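The letters A, B and C name the chains in turn, as written, and every chain counts its residues from 1.
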């Protein structure tokens, strides 16, 4: 049937600047540019343009500009253009609308309403460039006290395994299949150089990346893809994935088209088949089942590695987190409303889950009220955009933060939300071998290390500004935050005061 | 404490912020001496305070009641006293109850009533909790439950005297020259947001621990939340309170010696830990992993005392001053050396300890008997 | 206040400082200088601050006792001699003149000094010589006879710091950490042992050259003269020179 959908974007090609080099034709993976031999000119097919900017960035003469299609609808606060077009799309396909990346709706971004403190007069700020500033963080279960041998005063207490990271930022789960192997290698190298960890997601860990095992978090998700003893052995810690912020409560679906030979081998499923992750883990139907799986993994790894449990931030996160800690989780990963994905139903991405800011505060408060906060570290995820977001999360109570979207943007992503098509022109969210070549792991790793370095320096400056020289003194220290433009109840949930009070 | 809590932090700031002067002197042989020198020394550091708080802690001053818990309590009025006393009568055997002797002093305005009680825990009450925890519970009960009454000292054979005024005026008001103790600490306060509440002066006390403190802790928000997990109620909203509870938790309840406690409160930097031998490095790493939320960040120097020990400590990058000195059996700690010299011009040793390095005076290790302990103490 | 014509050097005055607030004491000193005193002996000094702070003349002040914080802050010409220990802030933002301490000094000695000389016979505390500067003819010097604690010479932009280590027991290493952190000007001459890990990452290490030796010789000779040491003996020892590796140590820090 004829599609009633107008193109989303308009391609402006400046005829004077265009030299007909066809770079845009070669770079575009969505067929938005084509060369017309007869006319000897490059033509645009705007109905295919997804607004990823690959062509504009690579055009040698800056001849291209991509604009939102100015085709106007009559203004309607309720029937917004996007809503109209989703209905059109659905009536032409009869399926669940898919999308990629994270929630793009205008729900409140609480980070933009939280402000950090600085020390003045009564307390000096500290110079991070000259005086020591410590960001090292340890993830893992900690006891309430240490015990010493009364005679020798040596340490009797044996700690559960701890994982040290040199800065409170880790790379979040992105599976091989959702992203290319080159992307994973970039993340692995960067994590190793920066002294942090990357998460291989639920697609297994490619053999080529085993050498980065000491900086790898491996996932045990509902599809159990690529989960075998060596996989567990090589990792630094293991993450049981119950849910993720982009699609709480549902499973995953990697279309057969993205399951190449290599992806298939890593996931240990036949090539070309759909990689289906069930909604629940079929051996976890209740909290005691989670305890069972946690200890199964601990036994399988001889209690040498922390076990993390990742959930999407939902309505009862505080209670669920409390249960998870008591079930034996050494680390809790909370993924908020803005968490991204390679593919998810749009309706779920945009309507299910809660903002991570509120979730961190609720979970941290609840665990302290129950006296069990020491027993697990909290990693927060879901739309962290810069170093200030990271620090605010830590002040609210997180031990560390997972980033994914920001990492991909460092590699070239422009958040065009087409990951589910597998045609990413930047070579990021694709397994197409030609497209994948567009990310060079060496350059990719350099870009990621640059990002982490910049954030690290900024974090040190802000910490020093607060008169703090060790990150543990900011963790959960909500007195260093103030809120602006928030209701009393919102301030109350986060345990943060209004600026000026 | 009732509405006094409101007075402590009337603008509902994050917490009370002070600047101050500290002084401590201890005869490590246990010989008791008068407070004249401590008073002279703290008075000398007049510039560091602003007259809005002065206080002293004295150890060994009540030898005739050495085994009784000596409560010093301040009351806004007699009604508060009646109410608090009935709680004390209910909870303890009261050996003696009397007002603390005072004299009218210029510079001391509107003092509260201050009474002292010598209390014994009765056998029937000492079953459920240790005596110390029982006393702690009762002190919390009065301080959170009885309007306008505040127990500000509750240890055995030690006492705190404090209030709003310069320390020399407080000393004069409470006739401190009449007491003898083997350990004296003194404090002069410069608060920025607590105009005039007697209970807000230092030393802060819990059981026989006293803390005097100079500086502001930037980690206060998390130190407090961490302590609350262990049942401490931080009602005073001061750094000093948090330090006192931290010391109570780590030393009394977790039984860690002071050297280890110093490594929690003023944790060694990772750059230093990385150069230690394997065992020490693992030890310090474990301490930081377990007690990271008790790291006191920001500038501080403190003098902490309890029966038998006086401890001086500064933050790990030494943002606040502390001078230590010895003369015979006497150990001095002071914000400024001149105050020590004023009362003891000829010293055996005088030095400034490294950040995070505790200076400990102990009745178990009298200075005079040993070879230059100062050299060991001064070793960096 | 007693006035003695002590010697041919001109009017000399003795002031008993005991019990005087610093404001009163400093006023007395200023008055004495205004009346022509060339030498003032202060006795019974216990903690009075800012001594000699706003004097512009070349008066010489001898201090018996323990002067308080900020001794000679913003000093601009006088010579101060302390028979005892100095506290924090000795020579704070000093512009010219001389401070000689027959003892130790506290923290931030010579903070932001821009000229003049400070000689401390024994040890100093934290952050000695922090952010010292120099400009054209003015080059401050801080000579420490003993050892220093952490952050010695923190972000020095100029000037000279000399550390002689004479209080260390033979062969012992200096124990300061973060020495010269942020240094981008000036020089530190150190006598005694120090390890690389004790130095800030902006610091380079070398042996003093002829020019350095000449500077050292002059300063050590003065130091020896003040405190009765043997300059030759000290100068015969092994010195290292600590210097800034970069003029712009943070050039790569910012993204424009």
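By definition in this document, a contact is a pair of C-beta atoms (placed from the backbone, for glycine too) under 8 Å apart; a residue touches a chain by one contact, two chains touch by 3 or more.
The structure displayed is predicted, hence computed values, not measured ones.
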Between A-C and A-B, more C-beta pairs in contact link A-B
Chain centres computed over CA atoms; the one at greatest distance from chain A is chain C
For the pair chain B and chain C, the C-alpha centroid-to-centroid distance in angstrom is 36
Chain-centre distance (mean CA atoms) for chain A and chain C, in whole Å, is 54
Between chain A and chain B, the Cα-mean centres are separated in Å by 48
Where chain C touches two or more other chains at once, the residues are 151
Going by residue number, chain B touches two or more other chains at 271, 317
Chain A touches at least 2 other chains through residues 131-132
The answer for chain B against chain A in the complex is residues 12, 14-15, 17, 19, 192, 215-216, 218-222, 225-226, 228-230, 253-257, 260, 267, 269-271, 279, 282-283, 286-293, 295, 297-299, 317, 319
Within their complex, chain A touches chain C through residues 127, 129-132, 454, 457
Within the complex, chain C is touched by chain B residues 44-45, 47, 271-272, 275, 317-318, 321, 323, 336-339, 341-342, 350-352, 354-355, 380
Counting only contacts in the complex, chain C reaches chain A at residues 151, 154-155, 178, 181-182, 200, 249-250, 253, 255
Chain B partner, complex, touching residues on chain C are 22, 45-47, 49, 65-69, 84-85, 87-88, 104, 106-107, 123, 125-126, 149-151, 175, 177, 197
